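Down below is the structure, laid out as structure tokens.
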Amino acid sequence: MISAREKAIFEAGIKLGALYHQWVGSPVSPQTAATLERAIEASVSLQPFVERVTVHLDRSLMAPNTFGYSELSGLMFDVEIVTRVDGVACRAKLRRNGTYPLMEIVE
Amino acid sequence: MISAREKAIFEAGIKLGALYHQWVGSPVSPQTAATLERAIEASVSLQPFVERVTVHLDRSLMAPNTFGYSELSGLMFDVEIVTRVDGVACRAKLRRNGTYPLMEIVE
Amino acid sequence: MISAREKAIFEAGIKLGALYHQWVGSPVSPQTAATLERAIEASVSLQPFVERVTVHLDRSLMAPNTFGYSELSGLMFDVEIVTRVDGVACRAKLRRNGTYPLMEIVE
Amino acid sequence: MISAREKAIFEAGIKLGALYHQWVGSPVSPQTAATLERAIEASVSLQPFVERVTVHLDRSLMAPNTFGYSELSGLMFDVEIVTRVDGVACRAKLRRNGTYPLMEIVE
């Protein structure tokens, strides 16, 4: 038997894994970061069991290449997501932990 | 020798191929399509030699799945891009041609 | 407090969400499907807490387009993954459920 | 009027842009790099107007993260592609140029 709490945890994992690999590699700069944040939030919010998602991209890591932009990397993500299954919520995060983009359950 | 015209054509191809494979698979609905269009335009505009890009996503193809959303597919794209190299421009399109998402040089 | 079982569930969700959005959109045909299956398995196996992963792509859904190939879609996936955290395993699946690519915990 | 030569150049650009954004972000290590190279080649070869494609991934850039793997980045690519339209071929490359993954027409 899988509890509602476990299902909410599973769904949070799915959403974090999905958004990471969907969006990594997109050209981005400090000027376009806000537009990209809103698009990621709108996109993730469509998926089942998502109650809330906030996406912040770390501008300080957007070092311009030869052509003045950078690519979205995993380390730029600071994401908090709340999933809910049968009334039970899971809050999880994706954020930089040293040099690794860590996904973890918060509660 | 590669002419400026040929370089502009090459760059237009790169940008269309890139945006297609970067964004296909994103969750999308008629309600979030405009946000996604603006994010794609902002992202592509950062890349070198891009003078202008307009992205329209065909809402009529966004048939909701069990959970009420759909995924961005190649057939939904209607994109026009203008690249410019050494003063010479190339205008190219990505748009549905029957059941195939066709990329073609317009001029 | 998060249990090992819950962490294993979270990790299984991450991996399924990630592989889905990383690989959807790749050109594929019945002739290249086996190569792609092995590459996805090798790639996912590198990630932390993955004990085993098997990927099967449904050739019957690979209807050739005008140019004789198709694109990897979510409905083609039949994936089973086992994650393990502190000795506790989670087995999960991604497979077609009618017209939706369903991810679910098996045990 | 667009010449066969120009069409071959356009197609080469499309393929390089597409493969870059399709595959960037995949987990990879020196041990799995060959499998990934073959999968990318098989996938790209399915696309129209592709005569030949060779993919080499730079193992020396695959510095292991905390968990012992890395992610495919644009700088790891060394790709040569030949497209052909109406008997006219274009050879193009994607390879590292300092800190930028450069795409260029070779002939």
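Going by the order they are written in, the chains are A, B, C and D; count residues from 1 in each one.
As a convention for this text, a contact is a pair of C-beta atoms (placed from the backbone, for glycine too) under 8 Å apart; a residue touches a chain by one contact, two chains touch by 3 or more.
Not measured: the values here are computed from a predicted model.
Across C-D and B-C, the chain pair carrying more C-beta contacts is C-D. When the contact pairs of A-D are set against those of B-C, A-B or B-D, over half line up by residue number only for B-C. Centre-to-centre spacing of chain A and chain C amounts to 20 Å, using the average Cα coordinate of each chain. The mean-CA centres of chain C and chain D are about 24 angstrom from one another, to the nearest whole unit. The geometric centre of chain B is 28 Å away from that of chain C, both derived from CA atoms. In chain D, 20-22, 25, 67 are the positions where the chain touches two or more neighbouring chains simultaneously.
Those residues of chain B whose C-beta lies close enough to touch chain C in the complex are 20-21, 24-25, 65-67, 71, 74, 98-100.
Those residues of chain C whose C-beta lies close enough to touch chain D in the complex are 22, 25-29, 32, 35-36, 38-39, 42-48, 67-69.
Interface of chain C with chain A (complex): residues 2, 5-7, 9-22, 92, 103, 105.
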